[in-house]
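We just call them A, B and C in the order they show up, numbering each chain from 1.
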Amino acid sequence: MSFEVETDAYKGPIGLLLSLITAQKVDLWQLSVSELVNGYLAELECMRQLDLEIATEFLIVASTLIELKCRRLFPNSNPLEMDEDFAFFEERDLLIARLLEVKTYRDASTAFLDLMEAASKSTPRIGVLQEPYASLMPDLLAGVTRQRLANSLRRFVVLEPDGSVDVSHLPAHPVSISQAARTVVLRLIELHRCTFEELMDKADTRIEVVVGFLAVLELYRQSRILIEQESSLGKIVVQWIPTKFSTAELEDFLEESGFHLGED
Amino acid sequence: MNPADRAALSKEIEAVLMVSPEPLSKERAAEVFGVHDEDFKAAIDELSSFYSSSDRGFYIQKVAEGYRFASRPEMSSVIEKFALSQTHPRLSSAVLETLAIIAYRQPISRAQISSIRGVNSDYVIKVLISRGYIESTGAEAGPGSPRYYTTTPAFLEKLGIFSLAELPKVEGFMPLPEVAEALEASLFDGSY
Amino acid sequence: MNPADRAALSKEIEAVLMVSPEPLSKERAAEVFGVHDEDFKAAIDELSSFYSSSDRGFYIQKVAEGYRFASRPEMSSVIEKFALSQTHPRLSSAVLETLAIIAYRQPISRAQISSIRGVNSDYVIKVLISRGYIESTGAEAGPGSPRYYTTTPAFLEKLGIFSLAELPKVEGFMPLPEVAEALEASLFDGSY
């Protein structure tokens, strides 16, 4: 059995997901990772035990999706110096190459399975030396030390998982990028031009600043704002590119701009 | 039994003798090949005389427990040379691994050892017993209940230590055989 | 080598193959039989073709580390009946996929494997190591420098091939340009 994905964009076994994306039947950007995760957790509750096969498959697809979405949200590390189109092409090629690579090895591994199947049909003789020859065999432990014994055990040893999961980096209150973008846009309409610090003067926590920064980057990418920075680590100045937005249009804009990573 | 069936049976017997680590008894043969004792007997006698009369390096040997392939007695000098030759890379790493598992996880059964190593370990266990590094312990509760293996004083002596407590600590843990089996069952499709 | 010597050598080889717990390598053969590589090669080739052409239940199998007797593939059902516990567990797709990445990209580091698969692959790598299909190689340059993984002879054996050159060409599995285009279109059209 395989985990069934049920989101608005896609319904079906998760294993098909990537192949469907490659066949252009599912729009990656319409898939919500959180929906996917919720569905998976619900599925887990129904299963009596964790099926590792399903779990791995799920993790591969979910993490690929998350990475793809993050990359799209997170512009190239040097967005200001690089030609925007060029940066975009590079990101796109990387993603495609990566997906095609996974698909290639996955397909190749099915050929391995066939080879293994064929090879397993013949069984080797493990010869046995009988006495008096057996005792002639040199002592196979000659020169073995305690350390070598321990080393040969390592192959079978599983590293102790750290029982706790560090959640200190998680915000106590989730902040979504769309909320942050809304705040940034409203503030910029009011101020027109200001520094990033001024933009963030209401932020209490570091995570709010981080999310605010992501929102600024996203707005920049969508050509809604201009960003200037005189020197590296210098002050970032943000400027609104005036457009005539009604409040309703603003809502629509925020709705449409693909800020659905944070919460849906 | 018609000649074609007889020929097919002979091929099957040869294949099984080739991979069997122990002599093949006629009870086991009846079960595996699904034939009457006398048919098995006739087939194996025919095979035996075939190998005895052809000029090969091995023959079918009849021992108390059954039948097995063995090198011919006149090949003894080359077998001796083979036994004495120093390079047994595969066997020695298998021996070391098996011994390590027994040392750190004793007492442990044959099936548990094989399950941790992922391969049948019967022959290696036999080698370790014959060298006196491990022994099977505990009164068996009854037929069919597994034997458990532990290391011997000769093993400690070989490593130059006084007690198992002197073995180096291995970071992490070796899953209990039951856990290893469960993990394996879920990591590998299909059944055994 | 004259025909009589050749015949004697063949008999010796058969006898040793019969008792050897591991494949017989040509280095070991040179040591045990005291003959040149080419003489051993000629004798074992002759033996192999003899067993392949005669209608027996076994044959001489060539694996990465040398030669050994093995039951013929068509005997698999009786061997399975004989050794119920011996059926090989099937590897899961995660394990197989990782194995494929390592096979085609070796030597490859843990981080590179995880980056291709998009998920942490530590446990899967562990399983592959404990099954003996891959090993970590190369003296580490220092603490923190990555380990690299390569496949082992046991891996070749598991696939029934003799060398990595016999792996199916990875190019054969690369998606067609149409797939790449479709992927590109689905990933990047529209939503901008």
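Observations on the structure shown:
The criterion applied here is as follows: a contact is a pair of C-beta atoms (placed from the backbone, for glycine too) under 8 Å apart; a residue touches a chain by one contact, two chains touch by 3 or more.
All values derive from a computational prediction rather than experimental measurement.
Once CA atoms are averaged chain by chain and compared with the all-protein CA average, the nearest chain turns out to be C. Averaging Cα atoms per chain gives one point for each, and the point farthest from that of subunit A is the centre of B.
In whole angstrom, the spacing between the mean C-alpha positions of subunit A and subunit B is 47. Each chain gets one centre point, the mean of its Cα atoms, and the points for subunit A and subunit C are 34 Å apart. Once the centre of each chain is set as its mean CA position, subunit B and subunit C turn out to be 22 Å apart. In subunit B, the residues touching two or more other chains are 18-19, 69-70, 79, 82, 88, 91, 116-117, 123, 187, 189. Listed for subunit A are residues 52-53, 123-126, 128-130, 133, 155-156, 158-159, each touching two or more other chains. Every residue of subunit C that touches subunit A in the complex is listed here, in rising order: 17-23, 58-59, 61, 63, 68-76, 79, 83, 86-88, 90-94, 96-97, 99-101, 103-104, 116-119, 122-124, 126, 129-130, 132, 157-161, 168, 170, 173-175, 179-180, 182-188, 190-191.
Within the complex formed with subunit C, the subunit B residues making contact are 7, 10-16, 18-20, 28, 32-33, 55-58, 69-72, 75, 78-79, 81-82, 85, 87-91, 116-120, 123, 184, 187-192.
The touching residues of subunit A, when paired with subunit C in their complex, are 21-29, 52-53, 56-57, 59-60, 63-64, 67-68, 92, 95-96, 98-113, 115-116, 118-130, 133, 155-156, 158-159, 258. Taken together, the subunit A residues at the contact with subunit B in this complex read 49-53, 123-126, 128-130, 133-141, 144-150, 152-160.
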